[in-house]
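One chain, chain A, appears in both complexes that follow, with chain B as partner in the first and chain C in the second.
After this line comes the complex of A and B, so read on.
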């Protein structure tokens, strides 16, 4: 079982690399080096802040775009190309296919994030000429970004399992936006009464809460992140990704592929 | 081949037309418009990337101030809103408070002449960064330098002196303000403290410029008093600085911080020889002289 999942995952990774997904690293490197050089000339005293903020924001946005645009095609493309039938005609279960695809995409994003992180640290060294202890906090922000990717990947797969690529992209991106407003939704639920209170509370807990993952601004100011937040975010991401993946598996298991 | 030629030609054509359009609409790209003015809306729209958006707005505020400053503008309508948006997006962006007050508080041509907005900005900064003593210093500075409100300045320095790791001079400043000590002495103390504690080269340079201007102001004041005394004693004005020096028993010809002797006009006014070298001097300037705007920070 593990071997089959690993095979599907490595194939997904190879396919992403063949699709020149990692080319985004060039754009990232240009963006970061350009910003590191330019900002010092057009602003005051924020070179380091910009490198951290821009670097981590770019890591996050590039990754989310990749997660959505690759994730939405993972199942539908296989159906369209009819390669899915070849895979499923072998002793591969449908859930193994979904889980393998998830790990393949997550792996692609982790590799991509690793190279971008190297770029962020290089740009940081360029503007600061040294590393300080607080710079290690950037690793925490990067870890949270990867956790976000896991959630987005699982959601993209979930939508991909029953919808067209275009609609899946719209759903996944909408959930990413709504997920950033999850705390507002909860506040709204707190103010509502009756059915609307329960409905809003339900929606607020159902949509992914991305605001807790965003520590970029505080890390740019060298403010430490509570250890409790790290493990709670880890657990939340694992639970949520598992939930979305389970949904994807359930739908895919019952889907008529004939 | 044809496609390549078309690509290059059309690119050149579009750049040419755009260039001509820019000439038709000068400054259109720098139009003073804040499409979104609510900090809360911008914070929501930033989708959690508020740190980066704050840096963008801070850069915009710096650019706006620099552009208006160099074009001798009399109003800076967007400066306060830009700084407000910046600090709401990232309340810990200390540089926005420190430089922001320096942009907002001083009177034109050195700043926007909005000390009240500067006070609001720093108060917001203190609210969000209560452990940063420099913000209390900035606030006290605005009260003293721009509003001459000794009571408020003393209170602010006193509040700041209670912050953990606050610089000891805040206590001294609080006492100085409470006593309404000599203007020059107090101002010199503030600028010297700024020079010693600042890390930014621009701020240090600015403090040096103010200290030089303070020395000129004080020298001119004393020399002018000497001219008045000479006139009362002899019934005429001194013919030269040398005569004044001899009559008053001064130790040598008085010179400005650049080593140039002060000038005595036939009307009996003491003036500096090169006013442009002392952009913050308020005394010893020729009648009708307008100082060139110079980057000015409070700290």
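After this line comes the complex of A and C, so read on.
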């Protein structure tokens, strides 16, 4: 079972590499080196702030775009092209296929994030010529970004298991945007009354709370991250991704392949 | 033990966007395929052949019924390790080479690492794709993809092979090779279940065939049984350029072709015909029973089904 999942994951990773997904790293490198050179000429004070902010935001956005645009096709494309027929006619269970695909995409994003992180640290060294202890906080921000990717991957897979790639992209991207305002939604739910209170509360807790993962600005200002937030976000991301993946499995287990 | 026992499998699809209505894809199907035979599943396009294969592969779920493959429930993953499947117009991961694809499928089928490499080479040679190392499948022709498809179906040395339209997209040489491969698989003791609408292929290869039309089984049997002397007539051939009157009296259907005469007579007139030929000092060449071709049988079955359906309406 584990080996079949690993083989499916590794093939998904290979597909991403062969489809030149990692070429985004070139765009990222160009963006970051351009920014580093530019801000270096503006001000010595804010250059580190700009590089960290811009670098981590780019890591997050590049990854989200990859997660959504690969994730939405992971199942639907295989059904449409009928590549699934020769996989599921083997001793592969449907849930193994979904889980394998998830790990393949998550692995692609982790590798991508690793190279981008190297780029961020290189740009940082270029502008400040040294590393300080507070720079290690960037690793926490990168960890939270990866946790965000896990949630987005699982949601893209969930939508991909029952709808077309276009609709899946719309759903996943909408949830990403709404999820970034999850705290505001929760505040609104707290102020609302009657049915709207229950409705807003339901929506606020159903959408992924990405605002809790965004620590880029505070890290750029060298503010520490609470240990509690790290394990809370870890548990939340694992729980949310597991739920979304279970939903994807549940739908896919009963789906006829046309 | 039968290789495949289909026990009333049926499939009804829901069609329509707002108001869903049922559409019968396959009426309850009861069919048994014996171990070691080549079984042809015949029918025109849209007859239900692919639906049946998809049901057996667990790609779609039946509305009712079940099946046994090698005596076990067809949904059992262990069963799937012992079957191979070639879908109709197969499409594979086109970023992989044929070697990588077969390696991947070998991993999923549980072929041990040491054997896998060897087996991949062996199968690629068997399907005539030995010299394609390093070429991605996106550069393959339709016929080459069909060969890859056949290769992946037999890669893990399955006991039963299901082929959906295996000759599709192949040139005459390729079709001949696939036919030879099927015979080879049978020789190795495997069961081959293949769907086709090319009747000549079925007639050449199959031990038994089933005919399906509009989701309903119309007939099953050995090729010889389905095509044997349905008309109770024999064809008599002898040397000659003219038809003597005594022979003409026995048969209305006489034709002269070159230096041969062919006559179609009723079986019970066979002895009288031989006597007449002796009397007329004609040299007999052959007497063979007149067989209905599989095509004629097939067309007749479908015509009868259409007539019945017309009457029902």
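Quick notes
Everything that follows uses one rule, which is that the second predicted complex is superposed on the first by the 254 of 258 C-alpha atoms of A that agree within 3 Å, B and C clash if a C-alpha of one lies under 4 Å from a C-alpha of the other, contacts with A are read in each partner's own complex, and residues count from 1 in each chain.
Here is the rule we go by: a contact is a pair of C-beta atoms (placed from the backbone, for glycine too) under 8 Å apart; a residue touches a chain by one contact, two chains touch by 3 or more.
This is a predicted model, so every value here is computed, not measured.
Once both complexes are superposed on chain A, the partners chain B and chain C fit side by side without clashing.
Between the C-alpha centres of chain B and chain C, as seen from that of chain A in the superposed arrangement, lies an angle of 150 degrees, given as a multiple of 10. Once the two complexes are laid over each other on the shared chain, residue contacts for A:221 go to chain B alone; chain C is not touched. Judged by the touch definition given at the top, the superposed model places A:211 against chain B, while chain C stays out of reach. Within the superposed three-chain model, A:180 lies in touch with chain B and out of touch with chain C [touch as defined at top]. Within the superposed three-chain model, A:42 lies in touch with chain B and out of touch with chain C [touch as defined at top].
Here's the short version: in the overlay, chain B gets within 26 Å of chain C at its closest Cα pair.
Chain A uses no single residue to touch chain B in one structure and chain C in the other. Those residues of chain B that touch chain A in the shared complex are 44, 47-52, 54-55, 58-59, 62-63, 90, 92-93, 95, 99, 200, 202. Chain contact summary for the complex, chain C toward chain A: residues 13, 54, 57-61, 77-78, 80-81, 83, 85, 87, 89-93, 95-96, 104-105, 107-110, 149, 152, 156. Chain A makes touch with chain B in their complex at residues 39, 42-46, 49-50, 52-54, 57, 60-61, 177, 180-181, 184, 210-211, 214, 216-218, 220-221, 223. The residues of chain A lying in touch with chain C in their complex are 3-4, 7-8, 11, 14-15, 18-19, 81-93, 254, 256-258.
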